[in-house]
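These notes concern the structure reproduced below.
We just call them A, B, C and D in the order they show up, numbering each chain from 1.
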């Protein structure tokens, strides 16, 4: 039994099922990120953990106590909302201590707790202001302060960074990570931004269509996506998907496809594949596994060199993204910044086949 | 607060256009002021100037006598009490009725937007349609009900009646206002441990200033100006101002002191005018944040 | 697990509280509005005269009602009155709101002046209006004194035109209210849309006609509800201004209902006229409410 | 009816516990006499009761000649909180008596001999099934004409005694550029004029047949058509701003010499007196030409609401105070009407008042005293108002005399 247990939780509005049998166990001190496109059910799940929405069936328990039907305020949780949800009529200080006041904490203790939190978040000068007088970043800090001051068992974050501009978002992300490392609290965090998910989490649950598609550490999710959805959703630029036909030659397996000109090429596959000879598959390869020859991973066991024609190059400072075409689909390669690639020229691409994954085009499930 | 930026949709325009704008606006102001101006003018004339045919002109002989008379010694019934005692009757009826209907309207609006339940739309629809009931038809059954409740002929009865027939409007106003109020705030407060009433008192009500103003203005005006209920459900000790004013103005077979009538009418209008002047600037703001959003 | 049952109680109470809070208002409205409507419907089928009585007469009251010229006049008056009143009030309200929205310096004062008639009942202003409209005393007389001797304004004395003076006074009372609603609507429109439209080269006229006024739809709807409710309930106005005259030329269903129920001691006919009115109101309002509430879902 | 009576009684018991009702020895009086003169007159009554230790709780509701007060009464009775005494007119009293709501005043009446001194035509509205249910305060007669003497004199007009003379006088005034007839175009004023005109045109028997017995032949007869035609003549001789005008503004036109005549009840006299005019010298009062021998009347009465079977002591005291000769005289001198009992001295009355009292006594004796249709003393409210509809529509030119007659028959049949 974990710290936070979600067992077979479902949610339905009338006959519409928005969440299907979710099973997640979160250990104490874990940072779980629920990530997925809008409408995937991640916010619903968070609200169910918070007690803001009923659980249709299944059970959610915190520290071994079942929480079904327990009022949100009795769950010892705190939540940071997307819009921050600061009470407009109260000062920052009052906003932070409101929850303590509701739980009957005496004034002197409240003030002490507020001072500690304000110090931690460096918002001391703001305590007397109203939310309307704060900037977006400041509001974000206050909202976190309100959650922190409660010292809850579980922190819930509902897309807390999505209302901030790009720069601030990165800063706050780091800040949240620091706080987690410092305080070691248990966090469930909802976002649609896969970078946030990767950078913050200790574990990620990728959700789509009301199902948890995959649950695992960021590395697992990134390197070994369970299916096509997880593979494409996570990572930016997203994973290259190449239509291939599998061919077995003795003990070796090859994936056949075409280059930009339509000429046939063969890529060696590491894994042994039984009974798949002649089958169609989708080969997934992340851009960083498709490089220029000099930039390829020296530790890789199998690198395939394939020349092909460059269509577009996008220098991004640290790297250059080079677009070409395999199997009739655009593929992006991540080359070194000074790699010699110009549109229209033929360049040799290095495939790190250690990282290649295969999906069934029908079921979209991982084959290898 | 929900940020209400003052965003004039103003367009740039030339001097001629602006002069025209001001002209039209002032002309309309004149039109709106005219009837009241007639009242004020005639309330300051001796009666013979009025019956002598000088009705639309300024007084030649200014006097405040009609004002004094209307307030403290005009004949409203058997006793020449003036309007004063009725003014107080109206106040002790209108203020509780306005506060009650505003308070419950706010609670209803809160429930109907933030604590929705199956069928909440039907409940709201029924409440809203109740605004349209013609008051003439409720007179007799209402009288019977007040009798049964033991509230016949009392201020309490009048308060109940005004409460019942105002609740539809106040619920409408507050519902529309609270619909625009972020639901996340309610959730945050729930997690903070605030219950149903605590959220209402501490979070919603302090932010409801403009819509309280709208509800207050609307209810106060309607209740203060009501004649039908005031006449029918009051007895000798609780007759409101409008009934007294009506008695003053409508006396059937006696000499009509028009100047006193006008002064009395202005007395009857002062509280509602004050409410509009004082709270009026919140009115547009409240409508903006609430009812206009439909 | 015993712990759970305890917290459960509070949560369950929290679930019931909203309904409990709503219940008194709802119960009162059910009784005092819908109960009374049912009672009125019942009365319309009885021979009630001075007080409610319970002799069943079927549709007789309705037959009598539709034989009365008086009722036909009242109904057609309401149609004329409501259309003109709602239309003109909205138009004037919209115009004043647009004008006031042009950064007018004395906006606050003007707004108060436009709004104040809403604060006054016709018991208060009735006599002043009567004088103003009376050709022998009021506007016409004054214009004649000022030398404009051909000026004529005697609608209130003319059976065919008197209803328009009722419209005039009603518009006076509530166009300011419509103005407030439209002004609120105008202030709520996003400024950037306007800038965009101006960059697209829209003229002022086009800007209002194509961009701004269509966005005022919610304000129009709210104004429509409030104004139609006022139109249907118009009673004081007619009594104070014309007393239903000249002749019966300015009777409205509200005055008809009152006079049959209370002064003519024909409560049955009064009730039947009330029922017809309620049906009419429902026919107009229910589709509106339905659309309104469905949208909100 | 008895059922309703018990219902009302039970309700009153129930409400007595929670409301603060009149103390046992106080009377709550619902009335619509709120102008200075009327209230002064009522004060006589109030003072009288106070000397007997009975308090007066005033419940005035003015408007529409008592219509507003009657609506209020309906609500008050339904709620079980009826006032002790209520000012009432004509058929309203009979209707409420039918509902079993009024107290029996026979003991007071017998003690003071009301039967002998109150005219029989008036008793018809104060007694139901042999029981006195209300105390009459006054008798207004409605078929008066008020004239500005100076205007008449300067045009060489004598007091007309026939319709033709009246018509000639009107024409003469018209030719002289004076508005011949001052009139306020409100339904009840139109009907007041019609009342007098119809009495002249139909004669007393025809009036009774048409307006009291509601005989269709009389209602639809030629005489009625004549009456309507005469109304058209009157309509042609009022000024163009008559519509909607209050009766007292019309009276002011006569006072100021802008108009010659006004047909109005005797309450108009108060306007002349308060303008400092003297009857006989400045203004004239005479019966509408052709109705010199008739009096159409309406009478204000106070009905006592049953407080549980018997008449209470304070109701009895109020009733006997109302019928006392001293109050009758004092009140009616102020009000312009004449006493409801015929044995009151006319010493305090002015010329018009004295004539009114003489006319009333004569008409009562000769059977020429009729309840006024225009003031709800000839037929019930539903029929009265149906007649108003026709009279006022015709007066405002909606249809001609011929149509008016048939509309009248029709309207009465619907309202019956």
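Criterion: a residue touches a chain if its C-beta (ideal position, glycine included) is under 8 Å from a C-beta of that chain, and two chains touch if they have at least 3 such contacts.
This is a predicted model, so every value here is computed, not measured.
By number of C-beta pairs in contact, C-D leads when A-B and C-D are compared.
Farthest from subunit B, judged by the mean position of CA atoms in each chain, is A. Subunit A and subunit B have CA centres that are 56 Å apart. Separation between the centroids of subunit C and subunit D, computed from CA atoms only, is 37 Å. Per-chain Cα centroids separate subunit A from subunit D by 91 Å. Measuring from the averaged C-alpha position of subunit B to that of subunit C gives a distance of 15 Å. Residue positions of subunit C touching 2 or more other chains: 14, 51, 258, 262. Counting partner chains per residue, subunit D shows two or more touched chains at residues 64, 71, 74, 78. Residue numbers of subunit A whose C-beta contacts span two or more other chains: 71. Within the complex formed with subunit B, the subunit D residues making contact are 11, 14-15, 17-21, 28-29, 32-40, 42-43, 46, 56-66, 68, 71-72, 74-76, 78-81, 83, 246, 248, 252, 256, 265, 267, 270-271, 274-275, 335-336. Against subunit D, the residues of subunit C that register as touching in their complex are 49-51, 64, 67-70, 130, 134-136, 154, 156-159, 162, 241-249, 258-259, 262-266.
Within the complex formed with subunit C, the subunit B residues making contact are 4-11, 13, 18, 21-22, 24-25, 28-29, 31-36, 38-39, 42, 53, 55-56, 104, 107-108, 111-112, 115, 117, 121, 123-142, 145, 163-165, 167-168, 171, 179, 195-197, 221, 225, 227-228, 242, 245-246, 249, 258, 261-262, 265-266, 268-269, 272-273, 275-277, 280-281, 283-285, 287-288, 291-294. Subunit D contributes residues 4, 64, 67, 70-71, 74, 77-78, 95-96, 99, 185-187, 239-245, 380-382, 385-386, 389, 392-393, 395-398, 414-415 to its touches with subunit C in the complex. Touching subunit D in their complex are the following residues of subunit B: 51, 53, 75-80, 139-140, 142-144, 146-148, 150-154, 231-233, 235-237, 239, 243, 246-257.
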